[in-house]
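Sharing a structure with you now.
Chain nomenclature is as follows: A, B and C, assigned in order of appearance, with residue numbering initiated at 1 for each chain independently.
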């Protein structure tokens, strides 16, 4: 089948590069109308992203600056470690790793973001800081939903949000299970969906779609392979 | 021996009283067979009625409309491998269902199907019944213990705790009914000087007391008799581990019942014991409150004409059942695969109709001719019919309860037994005694 | 193999306050018992394993072991195109497949920055609300069965058949419907759709009353469900619980009203809430939700606008680089899709925020101090579907 040939290989590298470069560059540059490779061109010239047609023809929606009293307050507090952007109407903060624990706590305490909707991660293997960690938060009183993103490198760990929101317990366990990111201070840091003793973190991009921990399968299930 | 056989036929006491062992044995065999058939029929009825409550059909394939299903189940269970857990206590494991069965069947010695249609009329009949039916608890505890596994053990202990607690309330309700037998005034509130009467514990005596007082104890000292009856009716459901008190044997609860480790024939013995116990406690209820073998309205609608009309009921019932079976036969699909079933159902319909006609003949014969033998036969037929009909109503109620209600949690069950049933039954007992003295 | 004997050390969950402090302490207290429930169990609604620490009959703590139905749906998403992944989402919460599909389609439409046309939205609303009723009916049947009432199961399944017939006529499948496409609906409503839906609404209203008649005022049901599995509103919010469980704890919040999608703002309906946050309130809330869904369906089916059913969406879906989060009010709670696109035809990351997964976390808090027989009732009242918990 057509997709089989693709499956172990991530989508074409040329596509990846502009994407991975675009995201961090959005975060570090203050202005947001920067690099955006038109997504319609699949493989061709991945070489020179910035110079081309961006100002003349916006190829798709771009993240814009997000301005609101909330943002003002935190920009004052955290200065350059924090970016506030908005994509397609959805607002998010991009925060440095060192500030994250404090920031989340302040969001809950001062701004009534009392409901942690989700905690998840995305893996960008070609980047220095490979993992994007995302918290999605919602405030009942404001009826507002925001995201908080941060980037960490492979092997780094983050402070756990369990003291802030009780729901983070299983959500962080799943992030650990699927990505291998540990959370310091989590009361019960172990795998949740995969069995104990499984080796490998499936949602990383270097874990194949058909890959399984053969050793675990053979020891525990007594069969040659799960395929 | 033929003498012994014939000499009893003229008497109007039970074989026990007449000291006729041969007839006692015959009665025992008849009752044993009858209860077994009743249990089988109850199994079928339960599955069909439950299914119809749940908008489905129930067994339809094994025999016409599933009539042979219980037999198929029995055969299957007989042929199953007899699994005994290796670590179990073998002797206790073997004997536990037998004790349950023993307790369930021995009580039928005193169940009165008529004034002389009982194996024996002990003068402590009701005490005997309550006592022997309590032995079933022993069987359950032995089963749980012998299984050597903590789930059945917990289930068995729960079950036995439940049965014991509801027996207390049952006992109190029974005592208040017994109190009523010692009165001699007729009518709902009639009582009279206690020193004249002698109360009785004998089952036949209780029904005869209702006959004398011309009222079913259900209505005596209204509403006291009714409340006592209701208490007993609820307690008997708990006593037999039926819904809504069936937590010990429910599948979706954590601890499976005491009969987890039993399979095949041994398990079916437990089921047999359970159904037999259901019939036994229903017969207590019928005897004590519902007038036993008496036909409805023996005093309001009295006279030989009414007697005759009511004596037609048994025959008509069987004819009605036969008619239903005939209708079922006519509605069978007309396909050759169904030929055997259609023939079977038709034959069954004919048998039922035949029995109905026979019973009608007996009734008419007793009414028109004066021959004593036929009159006796008609009497026996009537008595047994009304007794069994009332028990059948209770059986249907058991099934209805199971279909409708969720089950109680164990602590709620015990709370109801001790904190609700027992005080009410004590209260009814005291009030019955007071009213009996005052009225 | 994975024996239960090793799980003593595993029960160190902070929320249970189990004080098996030191792994070296090999003995339990003499009254305490660790019992394993599942993964094969008639009452756990799927392959869920719950390890209970009991003191006699009282539950001191629980731990859920999940993952028996983990199929790696999020990994699969990275290897399929956007359209090809659409059927996969049905298989997560297989009881309410239409809602899953709706959430996914809305997410990708948001990523593409298109909106489905009005007619498609109305059809979507009708089918989603029908599915909500079907899901609640299945919940009611199985929940009542766990508590011991075996009859409502058959009644609810019989009535659910009518909904499944409508789905079958519409899109060919009863359970995993794949009813919607990115940009709208693929299938037009079949001839007689409105009439059948209206008939269904008339048909099922008295049936819901019938279910209530059997259970709502039944003393045994009340005793089994009142004050069982209580969770307060504040606890529920902290634990991220959503859906009827949250509403029964007093928090009046429904995504269809708070952040409407798919033209829900055009319909008038109420949000039922409860007060105590116990099992009985959750039961009442779901029964009321069924009735509100009927209201929505009636309004929608009387007003389906004419027009196209599919927006202008390219044949090959290649959203711009970026990420969005879209959530809907599924029958079980807030179902969210966080999709990251890298500009190619395949999503870079699809994260499904499963309501049952997060709700199941609350089991521990709800069940502490209750009796063993209540654990079964509470698992039933959370209305979890393991396909969604494990994905």
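We adopt the following convention: a contact is a pair of C-beta atoms (placed from the backbone, for glycine too) under 8 Å apart; a residue touches a chain by one contact, two chains touch by 3 or more.
Just so we're clear, the structure is a prediction, and the values are computed from it rather than from any experiment.
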Revision key, fill the gap. In contact with chain B and chain C alike are the chains none
Check your understanding: What chain lies farthest away from chain C once each centre is taken as the mean of the Cα atoms?
Key -> B
Point to revise | Centre-most chain, if every chain is reduced to its averaged C-alpha atoms | key: C
Practice item. Starting from the mean Cα coordinates of chain B and chain C, work out the distance between those two points in Å. Key: 47
Review point. How many angstrom lie between the CA centroids of chain A and chain B, rounded to a whole number?
Key: 70
Practice item. Averaged over CA atoms, how far is the centre of chain A from the centre of chain C? Could you give it in whole Å? Key: 26
Exercise for review: Would you mind writing out the residues of chain C in touch with chain B in their complex?
Suggested key: 35, 37, 41-43, 52, 57, 144-151, 153-155, 158, 214-215, 218, 220-221, 223-224, 371-376
Review point. What part of chain A is in contact with chain C in the complex they form?
Key: 3, 6-7, 11-12, 15-16, 18-20, 22-23, 36-37, 39-40, 42, 59-61, 63, 87-88, 90, 114-118, 120, 122-123, 134, 136, 140, 143, 145, 147, 162, 165-167, 169-171, 174, 178, 187-188, 191-196, 202-203, 207, 209, 220
**Study point:** chain A contact footprint on chain C (complex, rising order)
**Key:** 1-2, 12-15, 66-67, 70, 72, 74-76, 78-81, 84, 110-111, 113, 235, 237-241, 251, 253, 258-259, 318-325, 327, 334, 336, 338, 340, 342-346, 348-349, 351, 353, 357-358, 360-361, 390-391
Check your understanding: Where on chain B does chain C make contact in their complex?
Key -> 50, 53-56, 243-244, 246-247, 250-255, 402-412
